[in-house]
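Two complexes are shown next, each including chain A; its partner changes from chain B in the first to chain C in the second.
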Partner chain A sequence: MTELQAEQASKVLDNSVTQAKPRPNRDALIALAVFVVLALLPMLTSSKFLLDFVIRCAAYGLFATSLNLLVGYTGLTSFGHGMFFGLGAYGFGLMMQKTGVAVPVAFVATLAITFVVALVIGAICVRLKEIYFAFVTLAFQMLIHSTILSWVSLTGGDQGLRGGIPRPPFLGIDLSNHLHLYIVSCALLVIGLFLMHQIAQSPFGYTLRMIRDNATRASFIGIDVWRAKLTIFVLAALFASTGGIIMALFVSGAYPEFAYWTISGEGIFINMLGGVTTFLGPMVGTALFLILNDTVTRVTEYHGIVLGIVILFFAIGLRKGLMDFVIEWYVQRRERSGERAS
Partner chain B sequence: MLEIRALSKSFGGVKATDNVTLDFPDGSLTAVIGPNGAGKSTFFNLITGALKPDSGQILLNGVDLAGRSPPEIVRHGIGRAFQVASIFPSLTVQETMLTAVGADQRRAGVMHRRFPLAETRDRAEHAMELLGLASKRSRTAATLSHGDQKLLDIALALVLDPKVLLLDEPTAGMGTEERWRMIDKVRELWEKQKITVVFIEHDMDIVFKIAPEIVVLCYGRILATGKPDAVRRNEAVIEAYLGTEHHAEAAI
Partner chain C sequence: MTRTRKPGISRRSTLALMGAGAVTFATPWVARAQAKTIKVGMPTILSGRVAQLGTSSRNGVMLEVEKVNAAGGLAGRQIEMVIRDSKGQPQEAARVARELVNTDGCELLIDAEASSGAFAVHEVARDLGVLCIHTNSETSALTADPKQHIPNAFRTARQGVHDSIVGGSYAAAISKAKGLKKWATCAPDYAYGRDTTGEFTLYLKRFAPDVEIISESWPKLFQPDYTEVVTKILQAKPQALYSCLWGGDLTSYIDQANIYALFTQMEVFAVNMADYTALTVVKNLPKGIHSGNRYIKTYPATAENAAWGDAYKAKYNEYPTNWSWENATAIMLLAEASKKANSADGKKIAEALRGLKIKSPFGADGTVTMRAEDQTLIGYAIGWGTTIPQEPYVPEVKPGDWKTILELEAEWKKSKGYT
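Presenting the complex of A and B:
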């Protein structure tokens, strides 16, 4: 399925842009419902594994969905998006270890740092076209990674941030309590997805689609392409950084791998698995990726080969992600039943 | 009023636009003709900011727009459609129109409202009606016929309420019948909207039939300007471009 077909297909499911009647709270209600279900999960199961899985889904899901805002919606294929994941993890971890401020303060400060870094890197990168954009973002990723490795006194070098990240309780929330961490991760995931969905469906979201389709034409209807690209680059970085913060809280540390290019690669992989033409594709891809990773690494040490085969299957066999596939199937079924009815 | 003053642009040693001075009064309809490589598209690219001129002025109601960026020039009121329909393949007609109006209302960066404002919707609706695209509103642009894609391209320019509309070969790649339908549409838009329209056209039958004013470009220079009859009889134009056929027709 081409991107175009998928876009048409997803329109059947979501034609809210063009609807005359406002439905401002529907998204918020769905987000709330999802959060409630996730929050009730610990009552149904005591499986720490499952709750851990959801926390990891939150970290990777925010990261992968934010990458889709760049790749799928704007047509900016960043190979260095993982740097903001690493930046979030290290920024938050260091802030908690060195300054001992409250968790929310460190959270906001980390996002502020990410904002500034993404603004500078974005201002340099978003002018570049396609492959140049991809490789310069990759270069910045490597720059940040080698800074982490070589600034041993601050970052612990290749050992990462050791000794655990202190998590003093705030507002009755104690993040060293597994259940509390789980609930907070779910909340951050749901809020993050809600905000990103708002962005995707807003006039700005459609501006991004225009830039993806035909940036030259977009500039001839008065859109400042550079500014729009920079805005989404910075926003996506903030969500990726939030994912990194969740990861740092989860493992109570930060490791150079969080900022290595393989994280960006996994982000792209997740997007290919789930599909970039639907908003929830990357979320589905995240769950698939983590399940694959967990099961395969348990069975064989050659998990790289297995993951490689899977990606080949999706890229060459299906030529689309899982969600694209599901939606295409759904649309075809609807059309068929429509024909039968008429 | 759009005034072009001593506009020049060279590529290497080639003067694509050479000291062009022209006036397009408000509400005029002008055809730009000339052989291939005459600098017609370059002329449009200079006016719309796709290319920066080497020298000269582009005055729209007294404001010099030379060398400004395309978004800025569009916001000043110069809209443009392209020779090869330049559209957004994966967006529907309606989404394209709504987003374009949104951009014009400086709402391209708005991140919260999912549904369009009433005013945005009305303007989009109006443009779709004008170009006969209303019944195809939920089709994605890529699935439209060639002619409809050209119309959508024009709608994209028109929906921004331009003062001047530049159409680069609105009938390119069309069959004879479709051409006439398109050119009737252009004329109708010009009459209804009361805007300044400048269009590039290769088909001389069309040009002489509908354009009250004609500009002939050749090697980046103005060869002739004026009413169809005068241009048709101009010796230089006949030699450079029209050939004897049209001259003969004119004589009859």
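Presenting the complex of A and C:
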């Protein structure tokens, strides 16, 4: 799957994106504008459903986009990315329940824990390629999941972290207020996406693309492939962990399902829906996935069939994600109008 | 300048798509305005391995809702159930519960989730303050732990610790009578299995102090092959075996253990056996398995209970499950509380529910009580008996004594630091 999509990626890149230079200022402005729009949303609508939706989008979006840094940009198809989502949720939840530190401290400490765990797991995994990488990440995920299940005294086993996550107010922000939680989730999402975009557009990001396309060549011109892969593995883990923290705040708990392979599977599914060749593909995929999930489960309990047909349609019918399709259509249209003008 | 139609998505169809998208988002809010009916939201598991939990919970609820509606509803308002699948994922359970209240305008919640999902819905109830009745989670801590306690959450399910007390005392009596000293245990390897086995052996040893556990097996949840577990138990040569495997796991275990004639070599105590989901699925149900009742229409041996079981069977073409009676009880209690409060308001119903005693086909003495102090159900039928291979499957059930149960439960709570 990856190679095919990587091929398509290079095609699209040739057409439009390769001329793009890193423009952090412009990106920052766009990010700010998006944040302002999202932050103003609660004033326009009283719908709590929409706020819940955006919070979940933030959690899954950060998770899926960070997975795309591995799958789409580096060619590392991780089947175990969900372990960092779970780690974030449990790390943050436990920290708040057991130590009672301030929210920002718990946030940073959770990221620090994720950093260490991802460094160790990554150091073992990124030496491997393709299916071997996929399976070893899956194995580590199941290891973490089993640990959560068996370490009942700490994690509550299969019942999860019970009793809610306490969230003392900090800097005037009270996360038990749903509106505050919404704004903070939006901020984390926008900042996360902005940072990931900077990573993707940096020289390091282009190194990753090169490793994806031809790792041997990359190492011939002096790139330390292992170190680059490990770096992006750890970075992606940090963003996935942030997604997990948002989810833990949303459900006010952490459950073993957050570290189960189905979460990783959903991440891959989202990437297939949205497309891995564009930066915003996974974000579009997230929105699409959540809308699909919410509307289909509302109508029928046979949602498995519907989602299965949708993924078959994308995988066999379109053979690419929605954003890839849109970009291609846009490029073709521009070319045609260019022809007409000349 | 003329334009020809180009292949691809036209502007018009793009607009149509966007419109459709907007409608999908907007429709939920339309429903809110109706006030005559009262919507009751119910997140449950309707797909996957334990889908039967959701379907039999739904059946139990609907059977009672029809009766309540025919009798005028909750304080004159017809009940409209909104039942949605959580796929057994706690984050989905939380999402669905929030959506049911915030978007669909449900004023009450029946939480028919299992284990972790119930705790996720519990947090939603804590956040939104909506009246919530847990109907399927048997984890004692949900109501026993004061940290979990919120005034708007109740439970109408049986409780793990009650089962252990009754099971332990029953098994100890048999143990003494037959001289069963060497015991083995076999339970699924997750919190429910570990906790229930631990509590059962605790009470077994309390009533029969010379009992010794000589072998423990912890098969994985949903394990397909139990050969190594069965042979391990046979090699240990215990005189009795305790198991809290349930559902499909229990039936596969019995089918596989039958091959090794395990049931002729020891007394078997399987707490989850006496439920139609297990009784009717096992190929050759061995005679003489000791089991706790889950739901069985012959116990309590009253006309009301038999009639309820038959009405359920007539309507859904299958026997009720343990989940069915627990969910039906939630609706019965809601209806009574609403009548007592003369209101369909969640807060007033909650007030009326505390300490409410109602007539029930599932009561040990014909009634069940919503205990006020921890808002959980007591007085339901609970007992043990032995199986026979055909209906009525468990002909005689020896009832547990609620006085003893409550005494030991209070002691257990103290030992856990809950009181």
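The definition used in the following text is that the second predicted complex is superposed on the first by the 318 of 342 C-alpha atoms of A that agree within 3 Å, B and C clash if a C-alpha of one lies under 4 Å from a C-alpha of the other, contacts with A are read in each partner's own complex, and residues count from 1 in each chain.
What we mean here is this: a residue touches a chain if its C-beta (ideal position, glycine included) is under 8 Å from a C-beta of that chain, and two chains touch if they have at least 3 such contacts.
Not measured: the values here are computed from a predicted model.
Enquirer: Now for A:338: first (chain B), second (chain C), both, or neither, which partner does it touch?
Expert: neither
Enquirer: Give one of first, second, both or neither to describe whether A:223 is in contact with chain B, with chain C, with both, or with none.
Expert: So A:223 only meets chain B here.
Enquirer: Considering only the touch criterion stated at the top, classify A:317 as touching first (chain B), second (chain C), both, or neither.
Expert: A:317 contacts neither chain B nor chain C.
Enquirer: Once chain A of both complexes is superposed, is A:255 in touch with chain B (first), chain C (second), both, or neither?
Expert: Second partner only, chain C.
Enquirer: So in the superposed three-chain picture, is A:172 touching just chain B, just chain C, both, or none of them (first/second/both/neither)?
Expert: So A:172 meets neither chain B nor chain C here.
Enquirer: Under the stated contact criterion, what part of chain C meets chain A in this complex?
Expert: 6, 8-9, 21, 24-25, 28-29, 46-47, 51, 54, 84-85, 87, 89-92, 94-96, 98-99, 102-103, 115-116, 119-120, 122-123, 126-127, 139, 141, 145, 147-148, 189-192, 194
Enquirer: For a test of understanding, state which residues of chain B touch chain A in their complex under the given definition.
Expert: 48, 50, 69-71, 74-75, 80, 82, 86-92, 94-96, 98-100, 102-104, 107-116, 121, 137-138, 140, 142-143, 156-157, 160
Enquirer: Which residues of chain A touch chain C in their complex?
Expert: Those residues of chain A that touch chain C are 47-50, 52, 56, 149-150, 152, 156-160, 162-164, 176, 178, 247, 250-253, 255-258, 262, 291, 294-295, 297-298, 301-304, 329, 332-333, 336.
Enquirer: Which residues of chain A touch chain B once you look at their complex with the stated criterion?
Expert: Residues 3-4, 7-8, 11, 15-24, 27, 198-199, 201-207, 209-210, 212-214, 216-225, 227-228, 231.
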